[in-house]
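You will see two complexes here that share subunit A, one where it goes with subunit B and one where it goes with subunit C.
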Partner chain A sequence: MQYQEIAAHSLVKEVKDIYNQGEYRLTAMFANDERNMKGYFAIYCIFAGAGRFKGLKAVIGQEALQFPSLTPFFPSAAWYEREIHDLFGILPVGHPDLRPLVLHENWPEGLYPMRKDFAIDMHVPMGEKPYNMLGVQGEGVFQVPVGPIHAGIIEPGHFRFSQAGEQIIHLDAKLFYTHRGIEKAVEGLSLKMAAYQAERICGACSVSHAISYAQAVESIANVEIPKEAEAIRVLVAELERLYNHVGDIGNLCAGVGLAVGISNGSRLKEILMRLNESVAGNRFLRGIVIPGGVSMDVTPELVWRIRKDLEHLASEFTEIIGLLQNNSAFLDRVESTGVLSSQACRDLGVVGVAARASGINVDMRQDYAYSIYNELHFRVPLYTSGDVAARLWVRKMEVEESIKIVKEVLEKVSSKQENLLVSIPEIKPYSSGFGWSESPRGCNFHWLMVGENNKVYRYFIRSASYPNWPAVTIAVIDNIIPDFPLINKSFELCYACLDR
Partner chain B sequence: MEILLSFIQALGFILCAPLVAGMIKKIKARLQNRKGSSILQVYFDLVKLLNKDSVISSTVSWIFTAAPYIYFAGALVASSFLPIFSFSGKGLGDFFVLIYVLAIGRFFLVLASLDAGSAFGGMGGAREMFIAIMVEPALLLSMCTIALKAQTSNLTIMAASAADSPFSLAYIFSAVAFFIVLIAETGRIPIDNPDTHLELTMIHEGMVLEYSGRNLALILWASAVKQMVMILLFVVLFLPWNLYDSANFLWLVMKVLIMTVVIAIGETSTNKMRLFRVPNFLAVSCLLSLLALVAQ
Partner chain C sequence: MINILKQITSIGMVTEPYDKRQIPSRFRGQVVIGNDSCKNCCACLASCPTKAISQQGGCLVIDHKACIFCGECVKHCEAQQLRHSTHYKLATLSDNLAETGTLLKEKIRTIFGRSLHIRHVDIGSCNACDFEMNALSNPFFDIGQYGIDFVASPRHADMLMITGVVTRNLTQALFMTYEAMPTPNLVMAVGACAASGQVFGNTYAINGSVDEFVPVDIYVPGCPPRPQALIYALLLGLNKEDLI
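== the complex of A and B ==
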């Protein structure tokens, strides 16, 4: 990967130039501690547009650890810059909101865990930084704190609503409660061992993270994996999409208390999870995608089982969707609720189902075709209303498309092949590259720099939930508080993907 | 003597109400293809909670601790009024009294929900009152149809009159109107969702989130009693067909069973409506009651 190298002080100007070219939009932004090789910190910006990627490397000068903030001009940079500030202690000058993002108020000042001189086993004392939740004040305006511990079995996140009556006038979300430091933990690990960590970033999109990581490794090593292995990767990726979307549609019914939808959704999801277990030996399809290929072949019996289960699923799924589509009480809840405008999507760089429901035609499988997706025939559903219903129907259509893709892929894998794994050669130290894949929630983007002896030097994970969480806080405005769970479920974002 | 017998009737209600609640739960579970918990589960829950200590916030006033007892007492008094037997609530059993005895319980529960100062309690209390101001007129109107016919507000005479009156359009209208109120009063879908864990959507459950242990047991128990009171009111006033001789007691039980099935089916087949659509739903009830009054 080639990067356009610039000095940090001209960052805003350069990014503006790139945006002015039209297509390119910010996909990821992160810092890298290159002091031991080059003597400086660098800020990397990766842009994507019209099927191509562009990299920008802003070198931070010796005199001050800072760079001009992009956030005032490009809102999608807001979280990236706060994260750089937290983890590297590099100051984005002019950032409007520099509250801690990743490391909360209990992390001490002056300790920056992603710097190379921070030992991973170091004892960290408790810190007491201030943290102010944002809220609206005034007569008749109430602030409602929700979480971080919730009633259901979900991950932690604190939501601060400002409400006037039942209407939400502002929402501030404090996430990143269980930051695991995976990016730090994999540094120094072999590429093979790091793959296990990558796969466990999140339960619901294990395959997608594993594919993104594997592709990053393969693109740096410049190896091509066997066609059959690519097909198996697509197969498991689509199985993952299926169980997620089917489960999410069922969950959405829980947001409106529709018992029929909840129980059928969980039942169908269970069918798919058991199918996953028979494919991978575990319910989350882990352990199949590894750098250099895949770990297993698909036997004819398995092909038969997948076909049979999907046949069964397809007919039942259509039936259940029919129940929802013809149910005016249900439609009344989901239509025009939680509208996310396409402008907000563009500004925040929203990806995945949420973007496609708001009229943004973006799907990594189609636009930045990886693996064998360009040989497959599928449509990318697009809705423009941006409400809960649109996100629901996008998922519904993607389920149908995924079933088609799986069937098409099964045709390709039916032939038995001997070698599904190529070895990763010795990689030139400090070469970098990235991989991406379309998870059930959108683009998972992984950037990797390999150090000496094929060990990870720096790993950056931008999951699909990362750019989408801020969109939730926009979409709920002007809705009523009892509709928040429904809107939140329609995005169905992942906490663990942030807490990497 | 009659007062004593009424009291015994109320005790019977207290003992049976968790069973009715348990049955509705069981039928719902079966309708959703689940096995569901035992129909006695509500009893087990109550025993468990009664054996636990209550955690009470240090900021609350006496209202918080008194409210469960007042709520429970309200349900108890209301259940002693119900005209099931010839002695039930003689002289005292007036439907205005019944409605407002229940309302006192609700009023104190709402006060208690505000007491601890938690956001969920306040939201639940505000919503409960928002719905109550529409439920009460609807409840009054639908019962007025029967009262007007009986020329009295005494529940015993109303029940007797209802039992003797032939089926009419007015009857069906007010029955539907009352059923809507029944759903709202018992906190069921589409108005409220008794099974949800989503605090932000709760109405009745939101109010009682601060309660635990014995206090919570009292509230759950009283809610079950209140639910049974509403079901029996519906049964004796709108599904009557003779009720005073002993063979008909079995009929009464049958009718209650039928109602549990109807409620469970109703709750399973639809979803919760938007909070601000609830007034429209209750307006339908009021309108039907008015039509029933006119039709008479």
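== the complex of A and C ==
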């Protein structure tokens, strides 16, 4: 893809022009240190709309490391710009909230780890920057700090609730606790080695990350992978969606204390995890999707097993959903709880289940059909109420659609599969490209620049949880604090995906 | 209500002995070195993403604590002397726990074996290990049958199960959680990240493996370890050899 190259000072004007065209919306924004090739830093903005992508490359001038902030006009840019500020030391001028995002108060001033002159094994002393959690002050208003270590077996994140009685009037989230610096860790690795880290960005989205990364590599190398490999990729991607959605529906019942839903959800999820282990040798389907294709075939015995298990799942799933649909005490808790407006979705660029439950019809499988999704028949379920119930029913319908997709894909894999892998040729240094996929949580977008000798030069990961986390803090407003776990579970976002 | 009861009775009990079910043939467990001669091609060393393989005195040594069970070494071995077995019971006790003669430790483990309360802390995992820990409570495994329970606070816990590499942003949380626990206690490092700290290499955001910060008693290899491997590790740590 060609990037429209502009000077950084005109960034706001150019982005406004793009938004005024009507269809394009910001999908990702990140910086790249191109000083050794071109002598400057660049800010890349990727826009998506109407089935197409558009790229903008803003060149940062020599005189000052800064660019005009997009956030006052486009709220979806807020976290991207804070991240650029943290990791590259490039200042978004006019940003309303430049608190550290990725690097917490323990990071010393003046060190920017994603710059190329920051050595990966450099010792970084402990810093002590101030970090102010945002809250509401006033008579009768109190604050409730929660986390980063929570009561259950869940990932870490700090939440600060401002309360008037039980009612939440403001929520500030401090995340990026599990930040491992994966984008830096893969720099200089071969494309193949980096794939193992891409797959381990997040456990529950292993396949989607592997597919996004593999597609980024394949698009840069300009190779087409065999049709049957594509079919197997779709198969495992849908198996991933299935175990996530089924498990998430069970977890959602934990938010209302409905024990029968919890144990049935975890039971069906376990059946699916065991199926995964048979298919890929790993319960999270790791190791099957690799750049250039897939590493394993699907034997006729596996085809038979998948069909049998999913048939069993479909009937049991319907029965359990029936228990929820006819349970007025359950419906009372989930309906009209944690409403996210469609306007908030549009402003924040929300993706995936959360967007589809608020009436935004987005699904990368449909809008930017990758792999063989354009040959498959499925519906994208849509709800407009934007509450916990809507997110639950969207998942329920997607489970049914995914079962259909799997059945259709199984028709496409022949009994004897050969050539499931093509090799990745030598890539011209400093070529860039990207890949995307629809994870169980939404669009996973990976941008990659390959350096010399097919080694990673720059890798940017924008998972579905990235644009959706800020939406959680909005959806909880005016709800009571005991409903927070329920609302949070209805979004079911990964911390690891976001933090990376 | 009637429908719920009907559904519950129709499913019946699904809990089963944790290691009786057949392991899928594709499952990638322990990396086994064959008996024939190694060609010394060193392809396995170069192909390992986490540097889990080393050569010590001419012998190949595989550190399963760092292994992510990806199968690269198996694929690349020119002499075809490496293979994945389906053996997954790879948990090991740390030196101080495995030592014989430490009667006190032995006694503690036996007492914990009657009732163990566990606190989980994620200090930088990808959430796969966390999900597998969650799976321990599902009806198939029902960890409660062994007298094991997960608790909400480290103050109520006898054991800390730790997942993930120690990130810079969670180092303080790890210390505080550990220090909030009553003693004596046990610490388990769950998965390749916690046990070795090598999965993502050494970056500005990673401080290392768990045992560089708090003493670890039990290591569980796996990426992630399957729930059965976690149950094995728990029973091993609790001296419940009759159940293993």
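Here, the second predicted complex is superposed on the first by the 499 of 500 C-alpha atoms of A that agree within 3 Å, B and C clash if a C-alpha of one lies under 4 Å from a C-alpha of the other, contacts with A are read in each partner's own complex, and residues count from 1 in each chain.
One rule holds for everything that comes next: a residue touches a chain if its C-beta (ideal position, glycine included) is under 8 Å from a C-beta of that chain, and two chains touch if they have at least 3 such contacts.
These numbers were taken from a predicted model, which means no experiment stands behind them.
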item: Subunit C versus subunit B, contacts on subunit A by residue; value: C
item: Contacts of A:Lys184 with subunit B and subunit C, given as first, second, both or neither; value: second
item: Subunit B versus subunit C as contact partner of A:Asn222, first or second or both or neither; value: neither
item: Contacts of A:Arg267 with subunit B and subunit C, given as first, second, both or neither; value: both
item: Contacts of A:Gly322 with subunit B and subunit C, given as first, second, both or neither; value: second
item: Partner chain in contact with A:Gly152 - subunit B first, subunit C second, else both or neither; value: both
item: First, second, both or neither for A:Asn419, with subunit B first and subunit C second; value: neither
item: A:Val144 touches, of subunit B and subunit C: first, second, both or neither?; value: first
item: Which of subunit B and subunit C A:Gln197 touches, first, second, both or neither; value: second
item: Set of subunit A residues, in rising order, touched by both subunit B and subunit C; value: 151-152, 260, 263, 267, 327
item: Subunit C to subunit A touching residues, read off their complex; value: 3-4, 7-8, 11, 14, 24, 26-28, 49, 68-71, 84, 120-135, 137-141, 150, 152-153, 164-165, 167-173, 177, 199-206, 223-224, 226
item: Parts of subunit B lying in touch with subunit A, wherever the complex brings them together; value: 28, 31-34, 119-120, 122-123, 189-190, 193, 195-201, 267-277
item: Contact set on subunit A toward subunit B in their complex; value: 142-146, 150-152, 166, 253-263, 267, 327, 329-330, 332-333, 480-485
item: In the complex, subunit A residues that touch subunit C; value: 104, 106-107, 113, 118, 120-122, 124, 148-149, 151-156, 176-182, 184-185, 193, 196-197, 200-204, 206, 247, 260, 263-264, 266-267, 269-270, 273-274, 277-284, 286-287, 295-296, 319-320, 322-323, 326-327, 494-496
